[in-house]
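In the two complexes that follow, subunit A is the common piece, with subunit B as its partner first and subunit C second.
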Partner chain A sequence: MPAVWRLLKFIKGNPKMEWAVNEAIFRSRRTGLAPDTLRLWQGSASVVLGTPSSFKDDVNHENCIKNGVEIVRANSVSPEVFYYDMGSLNFAFAIDTSELKQFIENYQPVLSEYQLLNECIAVGLNKKFRVTSKADATGVYINNKKVSESLQVWFYDYLLFQGTAHINTNLSIYNQVTRSKKQLTTLKLEIGEEIPVGEVINALVQGVEEKLDVKFNEQNITEEEQKLIQKLYRVKYRLDKWNISGREPFLIGMGKTTVEVFVAYPPTSKCRELIDLVKNVTSDLQNEVEIRVWMRGRGINQHGPCPEISPVLRYVEKHSTLPAIIINGELKFSESIPSKEDLRKAILEVS
Partner chain B sequence: MKMRCWRLLEYSSKNPAMNLAIEEAILRCLLEYGGPNTIRLWQNPSSVIIGYFQNPKSAVNMAACKKMEISVIRRISGGGAVYHDHGNLNYSIFVERESLENPLKASIKDVEKSYAIFCGGVVEGLKALGIEAYSQNGDIMIRGKKVSGSAQHRLYNVILHHGTLMLNINMEMLGQALEISNPEKFLVNLHEVLPNKIPLDKIKKAVTKGFEKTFNIKLEKGALTSKERCVAKKLYKMKYSQENWNIKSGLYHGGFSL
Partner chain C sequence: MEEPFYCIICDKPMQPKREIAVCSFCGKKEVSDYVCPDGHYVCEDCRTASLEEIVKKVCVATRETDPVKIAILLMKHPAIQMYGPEHHYLVSNVLLAALRNLGKFNIDKSSFEEAIKRGKRMPLGSCGLLGTCGAAVGVGITISIAKKATWTSDKERSLAMQATSEALCRIAEIEGPRCCKASTFAAIETAAKFFEQEFGIKIPSLTDPKPCYFRNLNTECLGNRCPYYR
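Right, the complex of A and B next:
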């Protein structure tokens, strides 16, 4: 029996908000609040950087300004950069990859999943438009030129695979605003005629259905996702701190303000005092704030099998900084107990 | 300026896990209840003590340890695995930072500087025995070979700095337990460089004097308090005697232990 995936379609939005949508549906999927999801959308001209990409080295900022091109950053493990505009169709798969392995031969971790999803796109394009596109882990190619590219991010077995298919992307602008040396093409260039976006949407949907034995159920985003999108936009995607510098806040699950308290195991009386203080200060913010008390030495799974841990927590553990209070991934207090007022202020500032 | 008194504790359990529980108990009691700073000189029977962040399955030859009936215990401080036996003297320094006076207090806040200061006490002691030693990144070296290693753990403003001093350690067992071939190439026992065998008591006395000089203190012999004993017993029961703490590789996920 085919698996049922959610299909989301949003067309023509604010680019920065659109990337917040992708993260929100991914968080929703990995928290178990949504099924596997394919989102197809279009957005105005933008350069997208992966998390490790460099604004300075990978983007021609002057040409972006000249051409009215937005700069956005997407969560990604790879330092890829690409450009899309209203001639492109963007996609985001937010899925549990453990279900994909049945469709993969000669499994290679990570690469096989990327290749399989790219194959879905290739199958759809080949069938609908009678082209000969080929997929590998890096993208989809027609005549050895890239026609679809992506950025990927993982959370345990969950994958957010987000990218763009170039239907009629302006490649001249692409080459001006990025410092990419990729060999690119568009579907229009290969076929030699205009292609309505709706047809490409159908092609991709059919490609996924055929390749992964999936049925789609077209839905809207949930209320929780909508709330999270607003928060992600506010604390991350609208900010240069993320888009330009690549610095993001650390948020658990569906985006509650996250207070990580790192204490000794077993907690000393001062540690207990600190834990009580954090609970007390946030007692009226229970819907907004998630407290995670980590005890040094109790192991990685003290909050379940798939822990979300901020990079700073790794840092304080490595340096045995005890105790420490980390708010949304930023070390705010260490080695002493803050006053109630200072702690409250620090939490409210980022909520 | 009046010379401050610290406690000198020469207490060793016959159980390596209990010895490490005592280390943490003294640290915790100094934080919780105050009291004098302490220097502990102690010894362990044959055992391997691994660093907080280490995976024993890769840091230690577990099969060899089992065969030689050597226990493997995790300590709270970082750093690498060390082999202990009665040919080794351990020293531990328990200091409440605020109790020190500047410039020592300021220097000790800096981790790198603090290693040099704490190791300096042992270096002074060795000097008194006529041995030219020097500290280097938390190790103490004699003629280019390591005679002592050390590690730290900090809890609020209390610091535990502890280290080994190899007197006449069994290098063969060390090599087997830690899977090191020819450990003599880069490790040295103190007895190899001393012209005459010096009794343990004399070495302890020299090290004690070295610490007194380094910290400008007077060390007075003392015993474990009843609170320290009680906390040590609890820590032994819930932590240091537990495979979950000492061995379980489940603690490690992507190199992260927490």
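Right, the complex of A and C next:
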């Protein structure tokens, strides 16, 4: 029986908010609050940088200003950069990849999943528009020129595969605002006529249905996702700290403010005092704040499998900085006990 | 009910107990909070100690003459991870502690500091990247400090290099991927043989590290390929 995926055509309008939507549906999927999801959307002209990409080296900022192009950053393991505009169709797959392996021959970790999802796009385009597009792990190509590209991020078996298909994209702007040397094309250039984006939406949906044996159920986003989008926008996507510098706050699950307390094992009197203080200060914030007490040397599964650990926690462990309080991935207090007021202020500032 | 704390030395559940207890790492006496049924207690300073601090504190304080025993105790400390360059100076420190406790050579507190300083010059992954393991170099550092060797020395310089080279051969025989615990044991065992052979110093009752205490904690354990597995 075909699996049922959620189809979202949800659009916020603000380019930075759109990428918060993708992260929200991914978090929702990986915490089990939503089924596998495909989101298809259009957005105004933007350059998208992957997490490791460089604003300085990969983007022509002057030309972005001149052409009214926004700069946004998306979570990604690869340093890719791409451009999209209202002539592009953007997509985001937020899925559990363990179900995909049945469709893959000669499985190669990571690459096979990318190739399979790109093949879904290629199948859709080929069928609907009679082109000969080919997919590999890096994208979809027509006549060896890229027509669809993506950024990917993983959380254990969960994958957020987000990208853009160049339907009627203005490639001359693309080449002005990025420093990319990619060979690109659009569906319009290959076919010789403007393509209504709605037709491509149907093609992509059919491509996924055929390739992965799924049925789509068109829905809207959930209330929890809506809340998370607002929070992600506020603490991450609207900020230059993320979009320009690539520094993001650490949030677990559905975006609760995360207070990680790193202590000795067994906790010393000072460690116990610190744990009690954190619990006391956050007693009325239980819906907004998640406390994680990590004890040195007890391994990463202290809070169950698939742990979410901030990079700073690894740093403090390596440098024996304890006890320590890390709030949303930033080391706020170490080796001393803060006052109740200072701790409360630090937590509320990022909530 | 809260999960009990388990003793980091013997894994037994600890009991809350307020009494004067002796730290199993540094020997300090203080009022305890949790003590295990075998009497193991870790003082508050040792629980929060950094890598260098714990290695130095234990080696300065111990009266133990078996370097394997000191190494195992140290490697159970939560600051010392499964792999890491701290093993590079751990080897020289436990060997120096054992030699001092046997009344050999002129080893004082500054010897341990010097051994840490030298051992830290061996970076993470030096075995695969530089072709020399920091644990083996730790044996050379021990000889160098004990015999006060420098690059201008004659026999002492040769002995330090010879000791490193013998330990390195032994570690290379174990094959990979690396296991810092196995390399530590191999380096100490080679050093013990070297001391006897070159200086006539016999370490009485050197602990056999088999079966390795860390085998179930190491996700990349070599299993039966490792001489210390079981």
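By our rule, the second predicted complex is superposed on the first by the 349 of 351 C-alpha atoms of A that agree within 3 Å, B and C clash if a C-alpha of one lies under 4 Å from a C-alpha of the other, contacts with A are read in each partner's own complex, and residues count from 1 in each chain.
The working rule: contacts are C-beta pairs under 8 Å (C-beta built on N, C-alpha and C of every residue); 3 or more make two chains touch, one makes a residue touch a chain.
For clarity, every value in this text was computed on a predicted model and none was experimentally measured.
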So, on subunit A, is it clash or fit between subunit B and subunit C? clash
Once the structures are superposed on A, label A:314 by its partner contacts, choosing first (subunit B), second (subunit C), both or neither. first
Let me test your reading of the model: by the given contact rule, A:284 touches which partner, first (subunit B), second (subunit C), both or neither? neither
Of subunit B and subunit C, the chain that contacts the larger number of subunit A residues: B
After superposition on the shared chain, which partner residues are touched by A:105: those of subunit B (first), subunit C (second), both, or neither? neither
Figure out whether A:223 sits in contact with subunit B (first) or subunit C (second), or with both, or with neither. neither
Who does A:341 touch here: subunit B (first), subunit C (second), both, or neither? neither
Between subunit B (first) and subunit C (second), which, if any, makes contact with A:300: first, second, both or neither? first
Applying the touch criterion given at the start, work out whether A:194 contacts subunit B, subunit C, both or neither, answering first, second, both or neither. neither
Going by the contact definition given at the top, which residues of subunit A touch subunit B in one complex and subunit C in the other? 264-266, 268-270, 295-298, 319-320, 322-323
Subunit C residues touching subunit A - in the complex, by the definition given at the top: 5, 8, 14, 33-34, 42, 44, 47-51, 53, 77-79
Seen from subunit A, its contact residues with subunit B in the complex are 264-266, 268-270, 294-302, 309, 313-314, 317-323, 335-336
What residues on subunit B touch subunit A, complex-wise? 28, 31-32, 52-53, 76-78, 111, 152-157, 234-235, 238-239, 244-245, 248, 250-253, 256-258
Touch list for subunit A against partner subunit C, complex: 264-266, 268-271, 295-298, 319-320, 322-323
